[in-house]
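Okay, structure first, notes after.
When the chains are written out, they are named A, B, C and D in that same order, and each has its own residue count from 1.
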Amino acid sequence: MKKNIIELQKKLQTLLSAEKDNYLQGKVANYIPALASVKPDLMGIAVGTLEGKVVGAGDYQHPFSIQSISKVFGLVMAINRIGDPLWKRVRMEPSGLPFNSIIQLQAEKGIPRNPVINAGAILISDILTSNFSSSKFAFLTYIRKLARNDNIRIDNDVYLSEVKHGHLNAAFAHLMKSFDNIESEVPDVLSHYFTQCSISMSCEQLAQSLLFLANKGIDPITKETICTARDAHRVNAILSTSGMYDQSGEFAFSVGLPAKSGVGGGIIAIVPGYGVICTWSPPLNHYGNSVVGMNLIENIAEELGLSIYH
Amino acid sequence: MKKNIIELQKKLQTLLSAEKDNYLQGKVANYIPALASVKPDLMGIAVGTLEGKVVGAGDYQHPFSIQSISKVFGLVMAINRIGDPLWKRVRMEPSGLPFNSIIQLQAEKGIPRNPVINAGAILISDILTSNFSSSKFAFLTYIRKLARNDNIRIDNDVYLSEVKHGHLNAAFAHLMKSFDNIESEVPDVLSHYFTQCSISMSCEQLAQSLLFLANKGIDPITKETICTARDAHRVNAILSTSGMYDQSGEFAFSVGLPAKSGVGGGIIAIVPGYGVICTWSPPLNHYGNSVVGMNLIENIAEELGLSIYH
Amino acid sequence: MKKNIIELQKKLQTLLSAEKDNYLQGKVANYIPALASVKPDLMGIAVGTLEGKVVGAGDYQHPFSIQSISKVFGLVMAINRIGDPLWKRVRMEPSGLPFNSIIQLQAEKGIPRNPVINAGAILISDILTSNFSSSKFAFLTYIRKLARNDNIRIDNDVYLSEVKHGHLNAAFAHLMKSFDNIESEVPDVLSHYFTQCSISMSCEQLAQSLLFLANKGIDPITKETICTARDAHRVNAILSTSGMYDQSGEFAFSVGLPAKSGVGGGIIAIVPGYGVICTWSPPLNHYGNSVVGMNLIENIAEELGLSIYH
Amino acid sequence: MKKNIIELQKKLQTLLSAEKDNYLQGKVANYIPALASVKPDLMGIAVGTLEGKVVGAGDYQHPFSIQSISKVFGLVMAINRIGDPLWKRVRMEPSGLPFNSIIQLQAEKGIPRNPVINAGAILISDILTSNFSSSKFAFLTYIRKLARNDNIRIDNDVYLSEVKHGHLNAAFAHLMKSFDNIESEVPDVLSHYFTQCSISMSCEQLAQSLLFLANKGIDPITKETICTARDAHRVNAILSTSGMYDQSGEFAFSVGLPAKSGVGGGIIAIVPGYGVICTWSPPLNHYGNSVVGMNLIENIAEELGLSIYH
């Protein structure tokens, strides 16, 4: 086993080296200054396996803004808190439209297509805000526990930037409120949402914290049940059809793993029965997915034969 | 092994008996008379495994109109014929809209979202029409070979009905032609499309003929390569995100298998590494998927632990 | 002349009597309690002519919530304040969609179709908020002067209701802000918008105050220039294509006058070279236009031959 | 009176000279070769008055492809033939979308927004096809009579081009047929539609032939009733809100006349109580309206004070 780990580490290093200059093909998210200033040539990859080891290469211990990857944690928290009634307020269908589309939300009367597009994640934020006395604190505590790391923090610069530039998300929230699908006050919901998007984590921490999704809901180290096997299945299903914005189908087609990306340049991919892959490289393609991250995950999945569609 | 088969057969029988009256919850497709006249209480299920056996229960040998299930065969044929250039003319993203929506097709300039919605399958029909001297005959021959059965036929009543009521599909075809994404003449393309939709097959034949998709492209009996492993992967990926109309996400969520349904009441589900499930029961839910078929596949997938998302 | 006025008054009375029970065909706006509680059988009509007389019948001196009719005043104020640059931030095209559609606003990148749909009027509210030190006071003062009446007031119950139920309008405002087409802070803009919607006026006051639009921009009594002839023309043009929500085309077709309705049940119609008609009856048809008001204006326009399309 | 005519002729000549090089700002329609080959610097203007005189300047006697201007004649013919039931199959609302949008047509279940967008005109073509034994001949005869000229012809090159490139219109027709809003066979309807679009007329002939719309339905020379006063009103209302594609609002705003343009470069404008203006210059702006024609009509309308919104 130790030998396996050394081999995996080498493989990760080799794959990473092959991507050295490819970050130049993407563009760092610039809708907020706090993201735009990240060094574009940072890149890392970590693989966590069900034996509980996390192996990495490059800047895999460098914290970055997890952004939309936070939607995965929020979804699990909300499912655990309110259960199936959740699915009356949000669907589980792919959206077929860019991740920031308000059109569908109006046409479908304030019911978001799924919980990992922005509107859906804002709805989840409403559930957390309405069902926890201090949802932001609860969220951070939850993540720290899953990652077994109490130093995970909220990046205040990112948070303030998000609030300032968050008018499209405010539009989503008010539109859902106009359809009576938001319970709390809109500013509170948005504040929670922007907070969870502003958390910084490293590839290593993310890979660690999501192992339960590859293990039928059970943390492979502590053996604690984080969610039911059925709910782990459901989360993986949603990530498979909808986790990579309007490139989700292409990702399924060429990689074949449940995954979620964020505009901070991170991607997590779940490999049921095996573990979790997490990559980070800030420059994005025009769908909002990390260019280098997509390559890394495609290559490692192919080398190790990880796809779920074979 | 023989014991296994007897057990599977019993299980199928039990599952089928449990659905006895559930066909009453759906509604037989009535947009054409030839489909509307099918007896609503017919139902069958077949499971084909990679050992090459097909086990069934109920009306699993009764031929029915395969309708949109034909899109799977057409896609494989077209991939084999023209290869990757195919993906410049059709995408592989979920559509997020009802299967008969022309809106997206105009907004996306005549490029269908994926090859298993109507517009995409009409585009595939254009590829077949333009690349085979007699595409209808080639299609039928191809299916007969895969199913190892020369009696598979085109239902002429269905065909004539389709032509007569096919104005929405004609609108799709002309719209794509207006964007120069159809090469052949529209009436020829539609004639091919309606022909392949009008083929009748049984659950047994369908389960038999699609085993290669569960086996990395190789027919498990003859060992013949029907398509590359990569292409089998891709087809399964597309079926996973888009095969069940606007219920694809929910099907992934609750079942977790690549699948394709047709308005004739059939559903096929691919289980990579295991085999193929095919069900038939004509009454449909409002998404156009067979009510009983959905239940049967959900139940057998759960009993046998077949989901790809665990 | 005095004889003419007596005849006109009789005619108005007769037309009003004919509508006596027709209010039963509509439904009072109920999205806010303050509007829902209005007595449905109140009705009035007033006609102001360029000689400066206002003649009325029924409840024509009863104040009601002017709602969207306020958009006409706001538009004139904004044109006077910033001139042609206004037309870079809002178009003058009919919307072809229901008055509360956010879809078009996103598709057209935060540029509202015209200044008399909600999004457009919110944009106008931004211009007023950004260009007057106290835009609400300025607005009220402006209307009082035009109507020659210092008792015109803001209905505070309506205002509070609008704020509470204004989430769709907040979504519009934030969406435009996300496209950088709103300068002031969203809550300030909405506060102005809801304030101007909450003004109460009577048919008599409205007919009086808008005479300048029928007179090339000049108040027929004081001879004061309220706006240029060109701008009066432009406002009338916009009201002709877009003033009656998604029934604007039908109103042009059957009546043929520039007009604006509000969900409080009021309608104003401009008759270039003749004067202004104002009607009030709270019950609305499903487009949001007063049932009785539509009838009254159609009938008087036909009797007096007022259409601009002949 | 003779003096007036000489003055008008001079004015037209002066306005035309001022536009001499402005055709360079537009682009001749090139979707079909037969239109693309027209000389771009041809330009003409004609004004027909209710006294029955037609005055012109430039190439006002040069025949050009009337294209969408034919929709006005078709509408009047259809109204006369089937009366008010027409308005159950087509609305009279502005579309708010580009003239070739299929999106709205699907969303509104095959009921076109108005009779002067393509879908609406195809529907009118269906009415003519279904209600005349030889609708093309009837149409040509009708126009020849209105223009008092038996030499008006169908341009066969244009017709063949239209048929060949008419797939978007075919999509419209099939989509309406799929909603049962087309009675005849689609190819017959399209053949009629392309025929009427392919008629060639001069500015002089067009101005002559539409005088009845400026005169409450009555031909000012023969005193014959071409349509009722109510229907002339309705046609003018529709042209005012919808005649200039997605620039109709702007045209109302800056000119203020019922008008219809065609991609052949012609524009007709109705001046109720005065007469008809017709311009021709092939290069179009990006809305599909003639650049020079728009200028000419705006200038003459302003000089003569013709707007209906004053």
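Simple rule for what comes next: a contact is a pair of C-beta atoms (placed from the backbone, for glycine too) under 8 Å apart; a residue touches a chain by one contact, two chains touch by 3 or more.
Just so it is clear, the model here is predicted, and its values are computed rather than measured.
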item: Mutual neighbours - chains that touch chain A and chain B alike; value: none
item: Of all other chains, the one whose Cα centre sits farthest from chain A; value: D
item: Whole-Å separation of chain centres (CA-atom averages), chain C against chain D; value: 33
item: Rounded Å distance, chain B centre to chain D centre (Cα mean); value: 48
item: Rounded Å distance, chain B centre to chain C centre (Cα mean); value: 55
item: Where chain D touches two or more other chains at once, by residue number; value: none
item: Every chain pair in contact, whichever chains are involved; value: A-B, A-C, B-D, C-D
item: Interface residues, chain D side, partner chain B - complex; value: 101-103, 106-107, 167-168, 170-172, 174-175, 177-178, 186
item: Complex contact set, residues of chain B against chain A; value: 91-97, 104, 113-114, 216, 229, 232-234, 236-238, 240-242, 246-250, 252-254, 256, 258, 272-273, 307-310
